[in-house]
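Below you'll find the structure I mean.
Letters are used for the chains, namely A, B, C and D, taken in the order the chains are written, and counting of residues starts over at 1 for each.
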Amino acid sequence: MFKYVIRRLLIAIPVLLGVTVINFIIMKMAPGNPVDMLISPQTPAAALEAKRIELGLDAPAYVQYWSWFTHLLRGDLGYSMVTYEPVGRMIFDRLGPTLLLMGTSLIIGVAIAIPLGILSARRQYSKLDYAAVTGSFLGISIPNFFLGLGLIYVFSLWLKILPSSGMSTLGGNGGFVDILLHLIMPVIVLTANVAGRNIRYVRSSMLEILEQDYLRTARAKGLKETLVINRHAVRNALIPIVTVLGMEIPILFGGAVVIEQIFSWPGIGQLTMSSIMSRDYSTIMGLNLLAAVIVILANLLTDIAYALVDPRIKYSK
Amino acid sequence: MSEMNELLKVDHLRVAFDSDRGGTVGVDDVSFRVMPGETLAIVGESGSGKSVTALSIMRLLGGNSRVEEGRIMFDGRDLLELDDPGMRSIRGNQISMIFQEPMTSLNPVLSIGFQMREAIMLHMGQSKKEAHATAIRMLEKVGLPRPEKMMNEYPFALSGGMRQRVMIAMALSCKPKLLIADEPTTALDVTVQAQIMTLMQELCREAGAAILLITHDLGVVAEMADRVVVMYAGQVVEEADVFELFEQPKHPYTQGLLKSIPRIDAANDEQLESIPGAVPARYESIPGCRFTNRCPYATDRCAKEMPLLSATGEDHFTRCWEVRRAENGLREEEDSHA
Amino acid sequence: MHNPKDPAVPLQPLLALENLKKYYPVRKGIINHTVDHVKAVDGVDLTIYPGETLGLVGESGSGKSTIAKLIVGLETPTEGRILFDGQDISRLSPREMIGLRSELQIVFQDPYSSLNPRKRVGDLLAEPLKVHRIMPAKDISREVDRLLELVGLPKNSRGRYPHEFSGGQRQRVGIARALSLKPRLVVCDEPVSALDVSIQAQILNLLKELQRELGLTYLFIAHGLGAVKYVSDRIAVMYSGKIVETGKVDEIFREPKHEYTRTLLDASPIADPRQRNKRRAFHSH
Amino acid sequence: MNLFKRYFAGRSEAQEEMLGWPEGDENSRTLFWRRFKRHKLAVAGLVVIGILTLCAIFAPFITAYKPTTVTDSFGAAPSLQHWLGTDQVGRDQLSRLIYAARVSLAVGLGSIVISAVIGTVLGLISGYFGGWIDSIIMRLTDIFMSFPYIMLILVVASIVGPGLTNIILILGVLGWPGVARLVRGNVLSAKENDYVKAGRVLGFSSGRIIFSHILPNVVAPILVYATSGVAGAILDEAALSFLGLGVQPPTPSWGNMLASAQSLTVLTSQPWLWVPPGLMIILIVLSINFVGDALRDALDPKNNK
């Protein structure tokens, strides 16, 4: 078990390195560099060149990468090309709201998907099953932004019961209830997505388990059907779900970009959009890198969780 | 033959399936009895309906199949008439079952101990602690090393043979009157097969439990059974005492089967006679005998009229027009085995 | 029956395995290093003479299937030599192997997985002929008909897909495919284990017939002693990677020398209830 | 009796059995259709996709206005002239809606073809050869899949610039890792089949085995995946265009038509500008997803009975 975790960690390292390399390459591909940003067009070419050397931009790519990478290890993501603030700081300030948004949606989404998926599988081809499956298809087929706009139209503009933007009321104290009210609509949108994807996943996983021989063994023992399902089937069906949760994280990040834009949620997604609009590549790349690292860590966590719920892992490898 | 004290009596059982192409009949007009303490073997090839028959007794058929006709009398009660709680009190308690695939028949994420205790606590009313002790005793009985430690193991740490021993321990832990064993050794090696079969027989004899052994292997039948039921294409074609069946098989299918198995005690230059052809694809729609297309003795009547399973000797039943014709002095239709 | 082991003529073996070993590494630990080996085949010597059938028996995991794979080149041996007609073929490059492909063929156990479900039977049989350019394209069609007839399948099977055939018929197609390149040695890896009892005899008889007609040499691998006895001239018994006993069929069955062979014989059920009480393994107490 | 016929039964008997070959047996295609048709929503989806495709192809013949033609009414509500009203610039909304279907379908199909080709080739290689090639390709997919997809697309789109072709290329080139993993997994299990081993023993080249024997057997899952991939790409394009980094006006796309709703006036008082394109996206994506689900069911070898 311990070895297994270490092994997963060791696999994560080259992936992490790869992520930084890809990140660096994209950054280099981006038009404009910090020098252009710092200096006005009137600056003589010689001075420009001097500045380039000073910033190390004349060095071969791998040297530049190394210098960037060692800074990275010290937690230094460089400075924004637009606001000149440290990128790390900017991201850190925005991380909380995004994690709040993503975390809430993930938990609620899964809390809906698991029982509904299991029930749907147990009553395959029933009305409930059709409703759940159709609902889950809707969840993955409605564009985030359209659902978001629709919600704003209904709840903010028409019924006027929910705030349409930000994380707290301007001038308000940002109390729990206030944040909660602001949270409702963006969370509904992301939850629709999470639940939509996972209802069908839980359902098909459960359907597969329902055909397993060991359930027949459990029934042959004379166990009640509820026990057969709850004790013997559900646990096995949920094991693969653990992995899928890890895959939700990058998707949620993507969703957050769109949702935060619509609801003016002061998180990473909004920062991403504003950086892209202002071509602030050092911030963009910092964001991208951070998101990738979070994804890798989340995958690592799901791997460990997997090992905890599935006793088979302990023995293999 | 006294019909008074039979343990299990299956009577004109008919099971139908829903498939993509509509309903089909998997098992049709299957009847047989199991006496207390005896070993009855049901032998047949894949698709002959032997497993379906076993699962119908346990009422464990899948969702797309159902018993359409017949009775399954166990200890004087019709299992098909029981309500769910009633049936559950029989499963694992009075009738238990072990399956073909030891690798997939145990739940991979629950410990052996947990799975062992479950039935014991349910049917014997034992506390967790008592059940634990009972489980260990059973594991010991089936010859597993270090049973205490085994209780904490998970199935994948065990070999196929060991898992099947666990299944046997589990099945016999509530002292059933009948053990249904569906191809219990097909997935195992020959030497392990011999061990498992011996173990099963010894423990059942000791506990006075009858065995309903489902198998395709005539060698296993010869070693284990007291009586044999031969199934072909969803029907019973012959039933007899094991010695009688092997010495004087009457149904052409049984005869062909016995001649087509390569035996280790055969003479050197013996030539195997195989049964030509294969089981017809949609046999349920055949009006006559389902073996007609492969039978060397088939007549026009065989193709048109379905023969009934009828007495063709003392405690010997055969489903064949030609055999009936040969056995002179037979009464007509009404002597069907019922 | 042809007897290749006429003592007067010292025959050269068609196939000889010399100290053949196949170890699979067991990887463990954090950096996945090799900590141990599974000795699937552990120093096997075996000879097969032209025209004979050598039966190879053993339990699952004894290494008999690995030997089959080594002979036909699906695996490379860790150590030892595989002499075919006197030439070591164990370490040939794929290119060098091409010429020999036609000499050594295999019939697999599972007739469901051994035929590509997306190809018609006619194409399955024509493909090897085309790939190896054995004959002009115009003759291929006739050759496919001949192969089908050889294994007892009607000509109209050509246009059909494998799923339209029963297990026994599929196995016939598998045999026809193996014979398409006119091999000298055919490895039969449990060819009847997956078939129904009443079909097994058909395939065993077919294999015997083909051997007689085409002068084939067989390595017949099985776990059921009955089938092995029926088709083999000699038998080799394998146990955990090693050959523990070889001998003529009657000798092995009459007086097995190795302990394991005896266990195996005792454990094999005999389809005769009268023999029950004479035997040990099933009823030992 | 015909005992002598049974004596050497090796060859004769199989022939005999074939005479009774079930001629009326269904072939796999009719079986596929019968199973597909069980999914009523998928059949409806297929009809919707068909109609939309026809609309997209024949857009110039069925629209009253060109999508870029500016008429004299700005932001007008639906009327007889303009069934869905006009946008703020004065273009006919219905015409734009129909023309926008071209964008969605082009992006959906174009990008998935690119990812499917790249992913399939890499997945086949990775799965068949294994070893270090496999490790490299798989780590590469890990790396690509670590970046949040939308963020990565946004970044690349901001670098290479927006536009229809670029969007197709970006979605196509960044979408391969999913396909590669799927194909690899299927190849790994297909490789275990004896027919692949038989191919090696018969001396077939790796290329022949991979493309002629393995690929046809892994097409079904690729097809299913590609179907949902089309739906995903259409959604991604819409999101990108909505955020202003996708298809640029005046070329109409449902995404960029929705972008106008970011203004409060449009959102509150001109719902004809944003509701129809949103519904169109839902309609097409839902249809494709239903079809994909039915395909999955109908192509599943497990229910091959």
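In the analysis below, a contact is a pair of C-beta atoms (placed from the backbone, for glycine too) under 8 Å apart; a residue touches a chain by one contact, two chains touch by 3 or more.
Here the structure is a predicted model, which is why all the values come from computation and not from measurement.
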item: Starting at subunit C, fewest touch steps before arriving at subunit D; value: 1
item: Most centrally placed chain, judged by C-alpha centres; value: D
item: Farthest chain relative to subunit C (centres taken as mean CA coordinates); value: A
item: Geometric centre distance via CA averages, subunit C-subunit B, whole Å; value: 33
item: Approximate Å spacing (C-alpha centroids) for the pair subunit A, subunit D; value: 24
item: Where subunit B and subunit D are represented by their mean Cα positions, the distance between them in whole Å; value: 49
item: For subunit A paired with subunit B, centre-to-centre distance based on mean C-alpha positions, whole Å; value: 54
item: Residues within subunit D bordering two or more other chains; value: 8-10, 12-14, 17
item: Junction residues of subunit B, two or more chains touched; value: 271, 273-276, 278
item: Where subunit A touches two or more other chains at once, by residue number; value: none
item: Contact footprint of subunit B on subunit A as seen in their complex; value: 212-214, 216-225, 231-232, 235-236, 239, 309-312, 315
item: Contact footprint of subunit B on subunit C as seen in their complex; value: 1, 59-60, 166, 168-169, 196-202, 204-205, 223-227, 229-230, 249-250, 253, 263-276, 281-285
item: In the complex with subunit A, residue positions of subunit D that touch it; value: 41, 139-140, 142-152, 154-156, 158-159, 231, 235, 238-239, 242-245, 255, 258, 261-262, 267-268, 271, 274, 278, 281-282, 285-286, 289-290, 293
item: Footprint of subunit D on subunit A - complex, ascending; value: 11, 14-15, 18-19, 22, 26, 29-31, 134, 137-138, 140-146, 149-150, 152-153, 157, 250-251, 253-255, 257-258, 261-262, 272-273, 276-277, 279, 284-285, 287-288, 291-292, 295-296, 299
item: List of subunit B residues in touch with subunit A within their complex; value: 58, 60, 84, 88-93, 96-97, 99, 101, 104-110, 118-119, 122-123, 154, 156-157, 167, 170
